[in-house]
Structures are given as structure tokens and as C-alpha cells.
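What follows is a pair of complexes built around chain A, which joins chain B in one and chain C in the other.
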Partner chain A sequence: MTTSSTQTRKALSKIAQLRLQKELEEWHDPPVGFKHKVSDNLQRWTIEVSGAPGTLYANETYQLQVDFPEHYPMEAPQVIFVPPAPAHPHIYSNGHICLDILYDSWSPAMTVSSICISILSMLSSSTSKQRPPDNDLYVNKCRNGRSPKETRWWFHDDKV
Partner chain B sequence: MGLIVQLSYVIILSYFQKNYTVLKEGDIRQRQEESISHVSAVLSISRVAASTLLCHYKWNVSQLHDEWFADEERVRRTVGLLSRPVFFSSAKELTCGICFDSYPRHQIHSAVCGHPYCTTCWKGYITTSINDGPGCLSLRCPDPACCAVVDQDMILRLASDEDKEKYSRYLVRSYIEDKKKTKWCPAPDCSNAVEFEVGSNVYDVTCLCSHAFCWNCTEEAHRPVDCSTVNMWIMKNSAESENMNWILANSKPCPKCKRPIEKNQGCMHMICTPPCKFEFCWLCLGAWSDHGERTGGFYACNRYEAAKQEGLYDEAERRREMAKNSLERYTHYYERWASNQTSRQKAIADLHQMQTVHLEKLSDKLKEPESQLKFIIEAWQQIIECRRVLKWTYAYGYYLPDHESAKRQLFEYLQGDAEANLERLHQCAEKELLVFLGNDDGDTDFISDFKIFRPKLAGLTRVTRSYFENLVRALENGLSDVDSQAASSVSVSSKNAGAKGKGGKAKSSTSRSARSGARNIDDLTHWNCDRCTYANPDSLTSCQMCHNRR
Partner chain C sequence: MAEEDEILMEVEAVEAVYGDDCIVLNRFPPHLHLHLKPRTADVDSQQFVEATIELRAGPQYPSDPPYVGIIGSKGLDEERQMHLSNSLHDKAQELTSCLMLVALCEDAVEILTSMNHPEGDCPLCLYPLVPEDSHSEVQPFMKLMSCFHCFHCECIVRWLTWIQKQNEASSGTSNTLSSDVDEENVLASGKLYLRKIMGSTAGNCPVCRKVFLAKDIEHVLNLVGSHNADSDVYEKELVEKVLQCDLETTRRQEFEAILKLQQQCGGLIEPPKNNVLYSRISVQDLVREANEMMNVEASEQQHTNQIVREEPESSSSSNQASRRACDARTRHRRGHTGIAEPASGVPPTGSTSGHRRHSGTRKHGKNQSRWQAKPCPKE
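And then the complex of A and B:
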């Protein structure tokens, strides 16, 4: 396992493995704009996102890194952009994403593809390529390798 | 012990109507059941639905009624009480929306909405939510687009015993924590709550567990000092705690022979071990003979005076001196605050010992029923309550502005008198009583000595109580009647005659004469009680304070 995160992660539970295998099968036919980079690591997925045509991010590609906890899907996966992250008012330069379904509003009935679709729609509706106003402060606080799941998120308006 | 400490509190509180109710866990559950029955009857809905609604409306029945009858559909939508399913399938096998496996119908469960999930996934969903916190009381269907509530019945059917326990505790907690007029008792092992009559401004309450606390700020009871002073003081203490640890040490060198003396009693009167036998004050390390009425000196141990600054200072030295003084000043108040706290703890333990061990023996020896010895218990209760009040008056004193010199004088005078009396009472209950607790049966002097002891302790209790009542009243008035009070109520002329007494520390003579000025009475027309030294008008034949005959 390639560890850029300093935390040690517990192995996936049986339920999590079964569910992820099912999700992986679905990814043979991925949602539009996404590509799963094949690896044999079930617990960390890397997904390529292509900006939708006609939006600020058209012709750009980014990498999402998805890490699954032991009790996925009861607990939310950790989803971040691998830097360089797209410039967006809800995406920090270290790749952390301010999106409620990744934290408080997660439900086990959601899937990796439903997360991906939400993230793409968040990108597509953006009107300016700007960092969040507290970017430097926040990124600085995360330098010790803190996971975005440890942050107490104060969700911005969900129009953008 | 618990009960008795509480009773002493009731004595103090009996001036006021009781403005609070203690609720035990059973009382809370009963009230919840009553609200649920009521709502379920009035809205004609199931008890489970009523419980869901009440959780959402923070157990405010009338608000729930109002909103329900104004717009039932809207209430149902916000709370997630759907009236009919949104998902329906007649298939024999259904796919669980979480693990994506197929199951026969009977292994699939749904909330009212009908979204299908298997038993294992429901269990995982419910246990995760319960272990996440009180949010489980408003659990919704896992489907992200569905707002149907997962009701109590379903949760209790699928949760483990341990989780059910947690869930029902959250349910009880929601009744207390969601309301403005109820709070938990802050004592560590207590599960009672207190309901407070809003509008009252006496915040001290006593839980059935005997813990007395301020309903407003939930610190321990701190009447007559207000919440903001108490909170400032507590912040200050935690900021300075490293500097102040040494104060909590239990031993100090004897000021005369320098051997370490351990404090193992509640009162501040220390006697060094033989051969030294020096008697001194634990707080100021001054000779005990300089304290109180015996020498005609003031009890001035409570008063802080900055070290005299003499000569010229350069600026840096001056600043250093100020810093040192400010810590010194704080140290003075902190030490007295902390020592009274320790003394109070000791007194609580002593009272307990008295009630469980000594009282019965004493009653045997004296051949008197225990009810005749109630005055001993009352003395200890008074000590415990007075130590609490006195302790907080030191926080008050620390924040009393220096420039309000008239108020400060009155305050220090009242505090000093109260403290001096408390020391005498505590010493009498602690040391003099000891003589009667020994094993020397058949001593003929025993009974006659006790006859002398009895009115002494009872008298000191009464006197101390009235001094403290005076102090509490004055602080609650914000020391507003500086002049009238100083001139009339508690003047003791034998103590201020000539203003010649010495406190433990060297005190500046200017402030001492200012003190005596504030308590001036004409010295012709009174007599001093020889038990409590109170200056009584000549017209009276028994003491106003302790009822001792002239």
C-alpha cells in the first residue's frame, strides 16, 4: 500500500470487502467523466476526473484518492484530490473537499459513484476558479497529516 | 452525612421559597411517558409517533400542538412521519440498498417509506448512529433522498442490549438538555436533574445527592458572590495553578522553631509540637495571640496590604515590584480561598465521624438521648456552611476595586469579624469537644464540664451564624449601605478602642485607623458580652448576638 497518509488504517471488514467488490464490478461501466485506475488495492482507489465540457474545468483532469475505513459503508470513505487540486471555492490546495456527504451527511446507501457525481456537479456549477478564503490557514493546520474527516466542517452554501 | 449537609442548606434557604425541584431519573421517565400519552391522545397518533414528535419539539407539548394543528402536513414532512410508503415492490426477492445483496422478502426491513435493507445492514446502520451520539433520536432512512424517520420501535427491535441502553439514556437526556429550565446535577456520580423556576434570582440549589450548586453557572454554590466573579476567579486560578501549587501543600515551617508543621485540622489555629508549643495562624504565620479579641487586637489576617514601597525606584524596578505585588496579592486571596475549602472538606468528614461514631458514645456516657446533643451537629453544619461562604468572599475581595476604599473597609471588617468568630467556633467544635470523646469513663468532672461546654458551643454557633448572615446580606447588597451599616449593626468597641491592635503582619497604621473610623460607636452607652464580645446597648440585659445574660 502506498502511504501518503500517516495514519495506519484497519483492514476492511468482511462486509466492506463484499460491498466494494460489488461496487468495483459496476465500475467496468463507470459514470461519465470518470475512470478507475486499476490496482489490486481494494482499500484505496484512485479515480481520474475529467472536467465536463463547457465548464471552467473542461479539458482538465484531476485525481481523486478514495480511502475506505474498516466499517465502510457504515462509515464514510475519505475522499481527497491528489494535489494539484482543482481551484474551487470549496476545495483546499491540499486536496481536502468541503462537501457534506463526505462527512456529516454520509449515508451507507451512497456509493463511490454517487460521491463522484456530486463532486463533478460541484465542479461544473462553479463560476470562479478560486480557493476558499481560509485556504492558507486551514492547509497550515493540516500539515501534520490530519485527515479531512477530523475537521469540523462548517458547510458553505450548497449553491456553488 | 449527605442528608445532614443538605439540611443545613435548607436552613439557609428557608428564607426563600423553594424555587426548584429535583428530578430523579424515574421522575424524568414518568414525565416523558405522561407527555407521550397526552400527545398521542390529543393528536390521535401512535405513542411511537408521539415520541418522535416530542423529541423533535424538545418536549415542548404546546408548541407541538400549535404547529400540528396549524399545518399537519408540514410537521409530518419536517419530522419524517410519512403517511404512506414511497417505495413499493411486489417482488419475492428484494435487493438491500446497502450491501446490494438479494434477500427473500421476510429478511428485508423498511421504515414507513418502504426502502429495503437487510437485517445486517439495518443493525450496522443503527449501531453506528447510536454510537455517534444523540443524533440517533432523529434517525432517518438510509436512502439519501428519503427523509422518513426510523422510529423507536424499529431501533429497539434491532439494536443490541448495550445500544438500547445508550439509546434510552439519550432519550432521557433529551428531556433535560433540550429545555431551558432543567439542568443536570453536576456532581460526578449523580443522575438527578434540577428544574428551576425561571424568574427567581437566588440560584443556589441542593440536589438530593447533597451537592449544592449554582443553577445558573453550575459551579458549586457560591452565594453571596455572583457568577461572573466566581467564573473570573476560577479562570484566574487555572491560569495561575502552576504558581500556586505550593499553597496547597499541607505543611509549613513553624515561624518560631522552623520545624515543619503539618495541618491536620480544620481551624487555622496551629500549635507547634512540644517543646516549642508556639501558637500561630496557619494563614499569616503570625502569633495566634495577635488574632481576635484576646489582646484587643483586630482580626486583620483577612486583609491584604502590599509591602510598603520606600525610596525611589527606577522604572524597571518599579515594574518588577508591581508584578511581584500583583502575584503576592493574588497569593493572599488564593491561599485563604483554598484553605477554607480544605477546612470545609475536613469539617464535612468530621461531621460524618461525629454522626456515625462519636454521638452515640457520647450519649451513652452522658446518659442523655442523642436528640439532646443536636447542638453539636448544628455547630458542624454551621461550620461547613460558613467555610463555604467565607471561601467565596475571598474571591469577592480579590475583585473588589482598591479605590472603593469605604466599601473595602466595610467588607474587610465584616469578613474579619465573621472569620474570627468562625475560627473560635471551629476550634471549640474541633479541639474542646475532643476532651469529651476520650475513654475516661466515670470521671466526676465529666458531666459538669460538659454542662459548661454545651452553652458555649451553642452560643458560638448562634453568634457565628448571625455574623455570617450579616456578611452575606451586606455582600448581596453590594455593600451599598456603607455608612449606615458601619455605624449601627455590628460595632464592637472593645476591639477598636484606641485602634491599637496588631494583625499578624505588620499593618500600616493609616488603614487601621480608617477601619476604626468606619465602625465608630460612642463608647459610653454599651456593655460588652463576655461570651462573644458583642457591644450591646445598655438598655438590654442579654446579648443581642448570643443571648448570654449580662
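And then the complex of A and C:
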């Protein structure tokens, strides 16, 4: 846990920098519903999300915080909602998002844009503004500030 | 009726020209599927596009022009597909009341030939595959044979090396990550590792997730080395090895020769904006060369090549994904529609949006851990 949190703080590799500069350029024309909050920190982006019209989150805005690891895009970025996070069955109140492409289904051909679109589509398809059933337990476990990528998810091996 | 005979002969002519690439669904009125490739694509690695078109004539053909449609393609984004289908449609109108099946096919081949270059950006670094201005350095790129997605060699090799490292770390069975492995050991351990995964799936295209063969990677890795940390120096070496391999040298020479010939003949392909596509390399080439090097039985090689070659024909579904993904403009739609499909048999829970949440496998470095099938995390 400690090691990986140092890892996330490691400076971006040259390759990651080049790639992010390219993505940043494309954000001059951001996907619908998103706004990149300009800062000079290439390694942490803050993105404003507006709930899509006609969905449970219409007229609401939230902040996504995207932190890039040294070896982005080989490794997925860490993406969380800055609390208050939208109430959603797959979003914990501490902002952690349970979405496969952020973890095991990540592919280096994905981009910040494609992640954002997925998150918005996840919000849009929601039919109830509810927290995950294990929200309190999980959030409590994360009090020391660990990243969702560092979380030791309840695990069972192949035999179980 | 004489006209019907003529039409039947026309169908035979198309069959004669296109052989196995022509499927006759009906002789009269003619209904054909044609699998068409660029004229310059006798060498697989020089083929970046292909299309399957449908020609369906009505009883009034040729007074009524046939329906022309694209039923599958690779390497063509929506814009280029549109160009192909519009051109063919116009041509059919223009040739109304002439027997036009052969002419339409030839036209399609001509158009494919003019479009036979990869377009857009490398999906991994997002920089153009072929530089837009002639001053920039041209980076070598390669194509996955199964889906025609193209990547800079450097980018795909970096990624293959990365996933290999991840796999080793998470399986905990390998000690090959130490930095002082000598060249021979690197190759040996790389083969050992790959032998383990041989026969199972080897890798997925980062764009469409279509599986490519273990053998493909094995030989890529054999040529470029496979291990070690990701220092810049090491990556540079990898790329240099790719560039220096005999195959790449031959490829460049061949391509330049072909290009010269084409220019002399009035230019079948004019690369866009005077850029010369002189360096590229495909997995299949690497397979072929490595097979020769390793003296693998000819039959086995045949087998590999056949598998690789047959795949393009069977994939109108990958076509959709590649169409979506190839177009840089629609990249932001990709995450959800193009890529996020379940990799395991675990069905998505909670919603119908197709994402997998609270399910599946999750690996991070040495922390081998899993999402559980039901609500998320615990200790």
C-alpha cells in the first residue's frame, strides 16, 4: 500500500507526458457534458461533469479528479469523484467508482475522454440514487486516504 | 433470352477474375459478394485496407443499376467507407444499361488501392502514424493481422513488454525480471514464458480487443527482446532492434522499389501529402522471418500463416469495432461502446449499460486480488 502510493506520486515518464499533452490538446474540444479545469499540473486533472438532461442527475455538476501514474497509459489513471460524489449504486460516498475499465479492463487505447464518457453513461443509466450496499463499511476502510487502485479488494482465489 | 445469357457470362467473368474472393449467391439476377483488396497488396504487410462488397441486381438489370453495398471492411473509417460506397453508387448510375459488374469491382479495387495507407493516429501515443508534414521523422509502424489496427512499433512493443511484465509479476512464477539477464537468457526465458501461454489466447488488440495469436507475439518478442525494466535506454534498444532486423531492411527496400515502380507507371498509390510510407512491418512478417530463423517445420508455418490470413474474412463484427475505433474523431465514444465488453463470462450486474462493475478479475502488480462477483470490497 505504501509502496504503491509512492508509485502514484512518481513523476510522469516522458512517454506519459507526451501522451497527456496530446490528450490535453484534444480537450480544447471536450466531450459533451465535460469541462477541464485548467491548471498547470499535467499529472492531476480536475474535470467538471454535468449530469445529462433527462436523467436522474440532470442539472447537477460533479468534479472528477484524475491522477496519472508514471507509466500512463500502460497503467490506468486513478479516477474518483471529489466528494460530494453523486449518489449511485456503483459510486461510494468517498468518490471511489466501481467501473471495470478503471481497473482490470483498462486498455492503453482508452483516453480520459473515453473514461469520462463511460462514467457519464454509467450515471445516465442509473434508475435510483442509491449508494452501494456496502458503502459505509468500504468508506470506513478507506479513511486513511488510500486510492481505489490500492484497495485490497475482497479476494478469493480460483478455487473458491 | 440473349440478354440473360450475356448476364450469366458476365457473372462467370467476375468469378474468373476474382476466384475465391467472389461468392455467387445467385446467378440470375446476379447477386454477388466480393472480397476486395488493394491492387498493391499481394504482400500482406502492405495491405492496410480491404472491403467486402455486395452487388445485387434486380430482374431489370442492367436497365436498373444493381444495389451496391459494403458489407464488411477493415482499416477504413466511416469517412473512407462512405467514399467507397458513394463512388460505387455513382459509377453504377453512370453505367446504367451497360453490363457493369466487372467494371464496378475494378472500380472498387482502384479506390481501395488509392486508400491503401493507414489513416489517423497511433491509438497508443495518439500521434499520427504517418507524420502530417514531410519534415517530421517517420516512425516505423506495424499492423495486427487479425484486425488491421496499426500502431507504432515502439508503442506496441512497449505495451507487449508491459503486459508480459504484469503477467509475470502476478503469476509470481518468473524471476526473469532482473536487469542483468544476458541476451541469450532473455530470449530463452521469453520463450519459456510464451510456451506457457501458447495455445491459449496471447494478447488482445488494445483497440478492439480482438485476440491475436500467441505465436505472433512470440516472434515479435524474439526479435525485440522481451524483459527488463522500462528504462528509456532499454526501450530505445528495443526499437533499434526492430529497425535493424533484416526483415525491416528488406521491407524498406522492397517498398521503395514498389513505390518507384508505381511512380514510373503513373502512380497507383500516391501517398497523402507526399509522405512516403516506407517503413512498416507486420506481425506476420515477423512470424515468417522468425520461423525461418528458427528452422521451424514448414508445415507448422503454413498453419500459422493460414490462421492469420483466414481471419480477416470472418470478421464483420470486428469491422464494427474497428470502424468505430479507427476514427480518431470518435475516439471518445470508444470506451463504452467499442472496448468495454466483458472479458470473462461474468455478466454485468446492476444495469444494462454493458459495463462490468463489481465483478471480474483484477490484477495489480504483485497484489493479486479480485473483484468479487457481488458488492465490492472487503478485507
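Convention: the second predicted complex is superposed on the first by the 143 of 160 C-alpha atoms of A that agree within 3 Å, B and C clash if a C-alpha of one lies under 4 Å from a C-alpha of the other, contacts with A are read in each partner's own complex, and residues count from 1 in each chain.
Note that a residue touches a chain if its C-beta (ideal position, glycine included) is under 8 Å from a C-beta of that chain, and two chains touch if they have at least 3 such contacts.
Quick caveat, the model's predicted, so the values are computed rather than measured.
Student: Look at where chain B and chain C land on chain A after superposing the complexes, then choose clash or fit.
Tutor: clash
Student: Please indicate which partner A:143 is in contact with in the superposed arrangement: first for chain B, second for chain C, both, or neither.
Tutor: neither
Student: Spot which of chain B and chain C makes contact with more residues of chain A, would you?
Tutor: When the residues of chain A touched by each partner are counted, C comes out ahead.
Student: In the overlaid three-chain picture, which partner chain does A:121 touch, first (chain B) or second (chain C), both, or neither?
Tutor: Once the two structures are laid over each other on A, A:121 reaches chain C alone.
Student: Using the superposition on chain A described above, determine whether A:28 touches chain B (first), chain C (second), both, or neither.
Tutor: neither
Student: Looking at 3-11, 21-29, 57-65 or 165-173, which bit of chain B clashes with chain C?
Tutor: After superposing on chain A, the stretch of chain B hitting chain C is 165-173.
Student: Overlap of the chain B and chain C footprints on chain A, residue-wise?
Tutor: 15, 18-19, 22, 71, 73-74, 101, 105, 107-110, 114
Student: Hey, which residues of chain B end up touching chain A in the complex?
Tutor: 97-101, 115, 117, 120-121, 124-125, 128, 142-144
Student: Taking the touch rule as given, give the residues of chain A at its contact with chain C in the complex, in rising order.
Tutor: 4, 13-15, 18-19, 22-23, 26, 31, 71, 73-74, 89-90, 98-101, 103-105, 107-111, 113-118, 121-122, 125-127, 132-134, 137-138, 141, 149, 151-157
Student: How about chain C: which of its residues touch chain A in the complex?
Tutor: Residues 123-127, 158-159, 162, 204, 206-207, 209, 230, 232, 325, 331-336, 339-340, 343, 350-353, 355-365, 367-372, 375-379 of chain C touch chain A in their complex.
Student: Touching chain B in the complex: which residues of chain A?
Tutor: 15, 18-19, 22, 71, 73-75, 101, 105, 107-110, 114
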